[in-house]
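Beneath this line is the structure, given in structure tokens, with notes to follow.
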Amino acid sequence: MTATAASAGAVPRASGSITRQNLRTFLSDRFGVLFTAIFLGFIVMAILAPWIAPHDPNAGSLLRRLQPPAWLPGGSWAYPLGCDSLGRDILSRIIWGARVSIFIGVVVVLIAGAIGTFLGLVAGFLGGIADTAISRMVDVLLAYPLLIFAIGLMGMMGPGLMNIIVALVCFEWVITCRLVRAQTLDVRNKEYVEAAQAIGLSPLRIMFSEILPNIVSAVIVVATLRVGTIIIIEASLSFLGIGVQPPTPAWGTMIADGRVFMLAAWWVSSFPGIAIFLLVLSANLAGQSLRDAFDPRLTR
Amino acid sequence: MTGAPLLQVRGVSRHFDLRNGLERLYKPAARSLVRAVDNVSFDVWRAETFGIIGESGCGKSTLGRTVLRLQDPDAGSIVFDGTDITRLGRRALLPFRRRMQIVFQDPYASLNPRRTVEDIVGQPLRVHGVGRAAGRQAAVTAMLERVGLPAESLQRYPHQFSGGQRQRIAIARALVLQPELVVCDEAISALDVSVQAQVLQLLRQLQRDLGLTYLFISHNLAVVGHFCDRVAVMYLGQTVEVGATRLLLAEPRHPYTRALLSAVPQMRRADRRPRTLLTGDLPSATRPPAGCKFHTRCPAAMDVCRTTPPALATLGDGRQIACHLHPG
Amino acid sequence: MSAGRDGPILSVRGLRTEFPTTRGRVVAVDGIDLDVMPAECLGVVGESGSGKSVTFLSMLGMVRLPGRVSGEVRFDGRDLLGMGARELRELRGRELAITFQDAQMALNPSLSIGSQILETLAAHGPAGSRRLFGRDPGQVGRAIEMLTRVGIPAAAERLRDYPHQFSGGMRQRAMIAIALVCNPRLLIADEPTSALDVTVQAQVLDLIAKMRRELGMSVVLIAHDLGVVAEHCDRIAVMYAGQIVELGPAEAVIEAPRHPYTQGLIASAPWLSDLTRELRPMPGSVPNLIDMPEGCHFAPRCPFRSDACLRPVAMRTAADGRQVRCIRPEAVA
């Protein structure tokens, strides 16, 4: 007994769990931290909208109609980014609009992520008929032009916040499902899954306690990336007039409203456009640096 | 070797269909069917080490997994300690899972990277509802000590250990339920040469202490020669020669066993013999040769070998052999 | 300047390769001195992390940044480390060839075997035969001849095949054919058979031996299996943790190892020829490159270690010419 104990060699020094190591990698990536901070800033802004927005987003006055931003002649620092065609404060509307955009982006990705993860696990782990059925459904949905699909659904259900979410979830789960299925197929053949089978774990427990923890970081990363895409789609739908309905401030609607005045008052469309750009960019880059830090294949 | 064998494998086959769901509708089965294990029979006696040797693609790993019902056999039966477990459902199989375990080749792939050592080694106990939490932790610590890992290892993650230490963790997990049969699937092949002997010694020590029976799958003839009491040589899914290790390695009769032995590099000049080099490669698994599957590479192939598959015959010295040169 | 007829074809002095990592500097190759003589087969054995592959990649300028290589490497009198990338590339295909363990990775999956041989010929072959378009029939003939020589049946037809249509053994043969098509003077075979089955391993090793005789080239055979090296090499270098610990004639090193690591390696390996021989495992495991023991790298696992082993140990040459990196007097007696 002592002989074998001696021959096993020294115990390794503790170097923290995988997650803590990943976190350290993540923090050493300055760019990633910067854009994650911007993304978190948007979220904080959305949550605190009622307190930080300088004006009521829906209070308009024809006196301030198309008032330019503060630094242009005719502008005032009371309305730093100017006003729209109804004289409403653009900054306040952007701040409130962040609520809608981020809410939709996050909720859709959460719901679709849960559905997609479950179906992807089932398809990848069980295979056979379940896999064929789910995979074919995924193929069919992926073959549809995404925006047309959403327009069609919205046309059937009518506009409204809940309906947008339902319509977006209807195709968004496909993305997660495909990813989870591929990852599950990869992990399923790992020997530790076979070892769990040899112990006698039920398929459901193998799926959720052996496979899921090993693919969840990939899912989180892709989900972060998808938030940006969903925000753009929601903006597109709002722009087309079948998304969030006025007077609720939404970035897409704001851009649509301003396009008539593009030459005379560029700020009406441009500032919400910049907001979308910044939010999506920061969401994407935050997602990417999360992936770099958490992808086990990239950890040394 | 008294009483009934612990494990009886009778005519077990395991096929893989390479077609996907859609292809099954129009492609003929014959050309896409891999007979990974093809009508294999053997007995393993209590407390012995039974080796299965063969090159990659011979079906030895599939056979090991089929014996444990990690894969379901397409034909034949597996009898464990007198009970036919071939068709048992998951729940009915659970009590048998406790009694037979497996150690895999790659200690980097066989341990879930997200779990601590305590979690990994304790999991079999939790799944089978053995003892209470405190008792389970004591059992895990005791088992870790038995395989030569100090108790400080409990809260560590697999990636913090060397390959040899990881394999010790995998062995601890396999043994914590006190199984009777342990399948070692290339259990030391991925380890450094200087560590292989350590793990081999540990496995032997554990066998003595716990009365284990090993099904030892390996491609390394020297390791099998040292470690196993009896050995089965596999080629393209079939056993071609089965017998006592000393006998088989000292006087191989099957042309494939002979070729395998002569191909092993020898360290000392005095041990080197003229090679009987096999020509060519392993035939395609989807279209194995007719007759004896080895005839395409066999230096002694006769006409009958090309048409008639040889049956497994028992020779006077107790070995079984499937070769027309040795009709028994 | 050119080395004399009897001088070594490859001469290495003080070769050192370092990699900066986030957790400190890693010395993968730690002062290698080595000569390869013309027409000699030198075996290099070591476990994972011994630096046996990196040593030779370093010599050939194949270590990627931020890896840093220093020391002196002379091939036929020419300084390899000071050579420009282009010059080195020319030399690498023509006079100095290398094959890798994983032929699947080393062969381009989307080019046919034939075109990969022709590519090598076009880059390094005789200047007059270079053509921009089409195939030089002479070169196609040479490619077929080469594939036939490495034992690929129906070579003319298989020229158009892609790597995935070859079996593992055939891929290793094809890679050897590509390496040898320009008649190199030195072949570095990095674990040529570790991924192969034992019957195919024997074929490939015999092939390398046959080609060495036919082409009169030198071969460096890198392997982790002592048996492989013992059977095929004239001399053996045993590597441990980035250093050569023992160097000498193959038979002498195997029959009477002098370094405790070599002794341990041989004592712990099972022999097919003597099944009753008891295995004596070496304790511990290969040290991590990040925290390498001070002094003798093998000291923590060594049964003979003393306080003197805590200081760096130099290679010592015995009266019979064998070299051992050990301070014990009996090692060089």
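Brief remarks follow.
As written, the chain order gives the labels A, B and C, with residue 1 at the start of each chain.
Assume a contact is a pair of C-beta atoms (placed from the backbone, for glycine too) under 8 Å apart; a residue touches a chain by one contact, two chains touch by 3 or more.
Since the structure is predicted, the reported quantities are computational estimates derived from the model, not experimental observations.
Using CA-based centroids throughout, the chain positioned farthest away from subunit B is A. No other pair of chains has as many C-beta pairs in contact as B-C.
Averaged Cα coordinates give subunit A a centre that lies 50 Å from the centre of subunit C.
Put simply, the C-alpha centre of subunit A and that of subunit B have 47 angstrom between them. Chain geometry summary: the mean Cα position of subunit B and that of subunit C are 33 Å apart. Counting only residues that touch two or more partner chains, subunit B has 162, 164-165, 198, 201. Across the assembly, subunit C contributes residues 281, 283, 285 that each touch 2 or more other chains. With touch defined as above, residues shared between interfaces to two or more other chains in subunit A number as follows: 6-7, 9. Those residues of subunit C whose C-beta lies close enough to touch subunit B in the complex are 47-48, 167-170, 197-203, 205-206, 224-228, 230-232, 251, 254-255, 264-266, 268-273, 275, 277, 279-283, 285-286.
On the side of subunit B, the complex with subunit C involves touching residues 55-56, 162-165, 192-198, 200-201, 219-223, 225-227, 245-246, 249, 259-269, 271-272, 275, 277-278, 281-282. On subunit A, the positions that touch subunit B within their shared complex are 1, 4-9, 11-15, 17-18, 128-129, 131-132, 190-192, 194-202, 210, 213-214, 296. Those residues of subunit B lying in contact with subunit A across their complex are 21-22, 65, 68, 70, 90, 93-94, 97-98, 100-102, 104-106, 109-114, 123-124, 127-128, 145-150, 152-153, 155-157, 159-162, 164-165, 168, 170, 173, 177, 198, 201-202, 205.
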